[in-house]
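Below are structures written as structure tokens.
One chain, chain A, appears in both complexes that follow, with chain B as partner in the first and chain C in the second.
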Partner chain A sequence: MSVIFLLIAASTVVALVFLGLFVRAVRSGQFDDDRSPAVRMLNDHAPAPRAAEAPSTNETTDR
Partner chain B sequence: MTERFQYDNRIVKNFLFVTILWGIVGMLVGLIIATQMVAQNTPPDAWYYWIVRPFTWLGELEWTKFGRLRPLHTNAVIFAFVGNAIFAGAYYSLQRLLKARMFSDALSAIHFWGWQLIIVLAAVTLPLGMTTGKEYAELEWPIDILITLIWVVFGVNMFGTIVKRRERHLYVAIWFYIATWVTVAMLHIVNSIELPISLTKSYSWYAGVQDALVQWWYGHNAVAFFLTTPFLGLMYYFLPKAANRPVYSYKLSIIHFWALIFLYIWAGPHHLIYSALPDWAQSLGTVFSIMLIAPSWGGMLNGLLTLRGAWDRVREDPVLKFMVVAITAYGMSTLEGPLLSTKFLNGIAHFTDWIIAHVHIGGIGWNGFLTFALVYWLVPRMYGTKLYSVKLANAHFWIGTLGIVFYAIPLYFAGFFQSLMWKQFTPDGFLVYKNFLDTLLQIKYAYWLRALGGLLYLIGAFIMVYNVVKTVKAGRLIANEDAEAPALEKNAPEEAGGYWHRWIERRPFQMLLLSLVLVAIGGIFEMVPTFLVKSNIPTIASVKPYTPLELHGRDIYVREGCYTCHSQMIRPFRSETERYGEYAKAGEFIYDHPFQWGSKRTGPDLLRQGGKYPHSWHYYHMYDPTSMSPGSLMPPYHHLYEHALDTTTTRAKIEAMRTMGVPYDEEPYGPGFAERANAHLSEQSAVIVAGLKKDGIEAQADKEIIALIAYLQRLGTDIKVKETAATR
Partner chain C sequence: MPALCSVERETLTKVTCYHCGDACAEEHRVHDGKDFCCHGCEVVYDLLQESGLCDYYDLSQQPGVKQRASADEQRLELFDLPEVRERVVEFSEDGITRVRFHIPQMHCSSCIWLLENLHRIESAVIRSRVSFTDKELSITFRETRLPLPALVKLLRRIGYGPQITAGGKRDAGAQVPRMLYVRLGVAGFIFGNTMLFSFPEYLGADGEAGLRTGFQWLSALFSVPVVFFLSTDYFRSAWAGIRSRQVNIDQPIALGIAALWLRSLADVIGGTGPGYFDSLAGLLFFLLIGKWYQAHTYRALRFDRALEDFLPLIVLRKQGDAEEPVRVSDLRPGDRIVVRDQELVPVDAVLLSAEAHIDNSFITGEPLPVRKQAGDTIKAGGRQRGALIELEVLRGFADSRLKRLWAEQAAGGERPAMPRLIDQVARRFTIAVLFIALGAGLFWWGKDPAQIWPVVTAVLIVACPCALALSMPFAYGHTVRLLGKRGLFLRDAEVVERLSGIDTVLFDKTGTLTAREAHEVHWHGDRLSRKERSLLRALARNSTHPLSAVVAEELARGEAGATAATVTDAAETAGQGIAGVVDGMPARIGASGFCGGEEAQRTNGEAHVHIALGGIHRGHFTIRKRARGGMAEAVAELRRSMRVGLVTGDAQLDSGLSETFAGAPVRTRCSPADKSAAVQAEQAGGHRVLMVGDGLNDAGALAQSDVGITVTETSAALTPASDAIMDAGALHRLPGFLALTRKARRIVIASLFISLCYNVTGVSFAVAGLMTPLIAAILMPLSSVSVVGFVTVAVMLATRRTDASHAPL
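Our next item is the complex of A and B:
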């Protein structure tokens, strides 16, 4: 059963990585706003048509 | 300042189309083996003989028997179908959530083609019998390395995109993708530590109980971090998009994400309840599994409640229909899973078709239906057109749902009733169903219905293919989709000079973590060999390493995938010790690289098979199972009688075992045994051939069947030796 030490070590390292990410995310204000992110992800408004000097907008192929 | 850029739709399209392709292949292989399972050895006078003949004929070939196709089925649906769906959905949503094109088009392409190469290699090697013998991790070591490399490419591409993002906030879906990447990388590496013998053969570094624990720690978390977390990420992106309303509670999504990833990793031992794994480890698995109900249901409810007030749209939109059934199936299987990890229910359900039904609720319900929803939502959008036929999509939905019902419900019945039959005693205390096969033949009707369910589900998928082809023809791929977003404001001081080291200086916490990870990786590679070799010190004195012939026989057992139908794990129930013999002890498995406990009994347990029948029984049985067990559903193994045993690898095999601490230099073998191994092998084959001759069989000593018989006759006998010694 000594392999349990390997599994505990590996799992704990990953858990610590996640904990670190969590602390970092909280500190950087990732979770301060728990309302607007859910709404903002819905808005993918397409950009306004480009000015005349720009090359054609959509590079399309039919494959 | 607003920046203009383009989303890469071509990579999403590529991943999405191979998802459909491999999905069909994987489901077709599933249908083949489901039919083989019930129809193998159908007599030519049965009315349905010619209907099932293509499938049973495949079951008679060397490469396409159940034991080799079942790993192909699981690998295809998990890593090819679901895997490519993850990549398609993640590549689409990551770009839009981060307001950036993928980090590198070249990496995207390498990721795509590399992953397809892995799949093709799997589809070639698994039917050829190249397997590690560990469920869901069957691919041999060169492919394991390739998987690692491609996974790193995916990681670099994803994290690169995150770094260059134009949106400071990371939407919850991205958290799920990150967790997926980190954890799968670790699981894959730890579980795949193996010692190569040749390009196509390796031995798991772990043995017996240890191997079982590592394997199911991996196996369960493959479910968690390959089939669950990435799909939750997809749900959190595509469900609000399809319903055009925000997720019910963003707060809940955050809480349930962190709870889920911290709890999931410890649930693995629930796959080994009542096995030879120490009891405390089993209980640990149960406790964490029960706790998992909370975050899992948090996710399910959050998904379903997103549709509150929009149920009228579900009636009309097939995308939402697929999603509702998918999320419901997720909720059902994440309640059932914890219940099945309690000792009481596990004692009934383990090794039966109940588990097969359970995983398919998750597989074809949750993963399959969410993938279909993605296809129907993404294809029209990326081709700038409308879905060709909503009616056909609805037809797919209903036929697929019916398929799930026909698949799962008969198997729930089958599992429950077969388990009760295994455990049923007469009033005098004898087993009612002494012959295992009798319990199997009782549930054949359920296997027919399951195959029908699978067929319906596959027909649904074909309807989708037609719909997609028509839609694609009506539109044109928007390969690069225009987008614009303001650039992310950067911290002014950070930008000024000495960029990279300032970055690290300002983040001591990350530095610490990074070094910890590096140290841990180093530590793992130093520790594993030493303490695992030490752990091979026998705890039961009579347990000895396999003879060279038995070792070859064991490798044939692994190659043929015998573990997909036969367990080697007698649980400590009276019904099992009466039927099979003494229950399994941890100390019996210390030389088993890999362990072969199995997870499903379509045939009887084989742990105490040794000495139960004469050599001749096995010789006849492996050639034609119905000759010894009338009605048997096991395929015939003619090729074992034709192929000569490859004895050129004997020395390498013995030496590899020595490296992993198997004491071949001790009694009864002695120092320098690897040199004499083939001589020992010939002697033992001669004894078996002589034994067969007594029963009137002229067998050739150099054929593979002799090695397999040697292994089967050895199984579980070391303990019997000890018992006779004790009574003396």
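Our next item is the complex of A and C:
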């Protein structure tokens, strides 16, 4: 049964890693705005129109 | 003889603008098969069309912002000034700059989409990101190719001009502090794991003794951050309460936490039991959820504003012929300043230009501008409508009337304290718990002294008012959210409780009960032909008098797209009216004498505009400010259950309103200080006063009242400090809102009873010495979850019933 100790230790470490990731996510501001990311995700797939392509080629020449 | 008076009303098929959704009343343009209300909206549409951004219109219906000149907008060149740059620029290096703007106009998913696709309109924009909760936009762009003023201009062209005022930089800190999220995460982690460690105990598995003690010690280890990291707020608040000799809800909680932890530690160290670490972690987890729920309020709305937030940061001062930008606070008496159309006059000043039309709606709520002539004093806070004017500063900013008004508000009398229900309950609760613990201790002293410690700690543990502490955040938190959906935005959950105790409502009149820009216009006289209406409209457009705009709008009703007639020889006589020749027909609009008519019978608060065509008096328009729809019914309903009064700066009431308020306490000719005193007088009579106002002249009364609600027509408007902000369209639902807050309070009381039942059950186990960790682990989450569930369902049902029995949205 002492293998349980090993398993518990392993699972606690894994859980601690996730806790650390969560804290990092909070610190980086991921929880500051809870509305726009949800909308952004739905919007992004809009096809890039022709009008926007012309200036973007300019931009590459700029570089 | 024809009928002397025929009231003419035309029904208008409602055409709304494809871009902004406003009715196309004044102007109606058809472009690309779509309807637009003004040139501005059309231009934005074209711009988006060219850039292939018309998805904007698919995401939400009519998402645009009407192109209206706004006084909050600064002149573009000001964005080159270091003071302004310092405000908005976050980072600038190698020609790449990041700025952060506050854009209160954003309101829907289309806005987010458009603002994040700025790079498609302007290739110099590298990236733009919206933070919707803060209504902020951060843009990274190549400043070498697009100067900051040009970027601002672009934003204005699409209707999202950034707002920059003299107030301090908005605090970037989120209202739900990040620390709370971290605590919540840690609490969840510890709660889950400690429950896992307690499984052998739950199952009663005999297993190996070493395994069980191992788990117990692990739980004990994990409980350290629970007490020393998660619970610090409760200990601090409890200690603050003790020092100020007050009982608050955090004291029994802190007592419970301490008892739980010490008892559990003693059990584990002494090897007498597994302790209650799982209950402890669960307790904190639930408490923190309650805190988090309560912290979620309307972050984008600002309930506390400094005067500087209302004023432009920079004004233009004239030095000889040159104009130089200067901070408002640096203006000195004798300086000459220039104020353009739609700009706010920031200090008391004397008019140098020939005439000005000053709109004081920001101060009083009165939308019709007042005409001022050269030499007149213009008080700070007025907004110029029309041509550019020049002014000489009379008093510096610190001495201006506006500043004094504001100071009065800030210094206003002490608002009477209203004890929180939860703290009142907590006081009795704590005393009762201490007595029971003492009684149980004495009982076991005589019977079995070894049982004193376990029993007394068990009593303190189960008595921990977790459910009690949760019921209020959830009940009021739900109410805040449901009210927000219906147009009333509360500062925080505590306002719900204060609203529930209101027994007196005082209204401001202008701008609150009457709509800011809506007028009721009736025509008295012979019917005008379409041609005549169009002639008169053309003439009225030439006039700068505010009433002319109202008349022109009325004449344009239902005649969208009609061609305008040409006006020649238009001449305006101050205080009389305008005369001119329209398409060869001499026409006059103005006072009765000016148009050759007779003065008609006038009722209170009514204005008359007479019309003459071809030298013959044709009749007059009566113009009355329109009360908001449904207000008469709403006030009548309020009057059935509470005192309702009116405080107004005007001398008289309009006829419609005086019927509504017949027999109610009405105070007229009130200065801002009088309004505040009126509230104080009601409070002195033992009443709990709700003040509903809008302008800065109500600010003192709003601050003095038990609850102050500011009514506003646009979400971007600047409102004085108050406890709640209400969408003007929802004002007629006020009786329903008040009823809902009273129900919410009753729900809290009911939920307190439920949680008390759990406590009584738990305490009876504890006193009998039967309190096992398993019972605690079941009882504690069960009570919390059932109280939260009950409160949620009850508030939802109450809202549904209120919606059904009160005026619809």
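Note that the second predicted complex is superposed on the first by the 44 of 63 C-alpha atoms of A that agree within 3 Å, B and C clash if a C-alpha of one lies under 4 Å from a C-alpha of the other, contacts with A are read in each partner's own complex, and residues count from 1 in each chain.
Note that contacts are C-beta pairs under 8 Å (C-beta built on N, C-alpha and C of every residue); 3 or more make two chains touch, one makes a residue touch a chain.
Model, not experiment: these values are computed from the prediction.
Shared-chain residue A:31: touches chain B and chain C both.
When the shared chain is aligned, chain B comes close enough to touch A:41, but chain C does not.
With both structures placed on the common chain, the touch criterion links A:22 to chain B and to chain C. Within the superposed three-chain model, A:13 lies in touch with chain B and out of touch with chain C [touch as defined at top]. A count of residues in chain A touched by chain B and by chain C gives the higher number to B. After overlaying the two complexes on the shared chain, residue contacts for A:3 are found with chain B alone; chain C is out of touch.
Common to the chain B and chain C contact sets on chain A are residues 1, 4-5, 15-16, 18, 22-23, 31, 33-35, 39-40, 42, 46, 50, 58-59.
Only residues 1, 4-5, 8, 12, 15-16, 18-19, 22-23, 26-27, 29, 31-36, 39-40, 42-43, 46, 48-52, 55-56, 58-59 of chain A touch chain C when the two sit together in their complex. Per the touch definition, chain B reaches chain A in the complex via residues 4, 6, 96-97, 169-172, 178-179, 182-183, 186, 190, 206, 209-210, 213-214, 217, 237, 240-241, 244-247, 250-251, 254, 258, 261-262, 265-266, 278, 281, 476-484, 509-510, 513, 516-517, 520, 523-524, 527-528, 531-532, 534-535. For chain A in complex with chain B, the touching residues are 1-7, 9-11, 13-18, 20-25, 30-31, 33-35, 37-42, 44, 46-47, 50, 57-63.
Of all the residues in chain C, the ones that touch chain A in their complex are 50-53, 55, 59, 109, 112-113, 116-117, 119-120, 122-123, 129-134, 174, 176, 178, 181-182, 185-186, 189, 192-193, 197, 207-208, 211, 214-215, 218.
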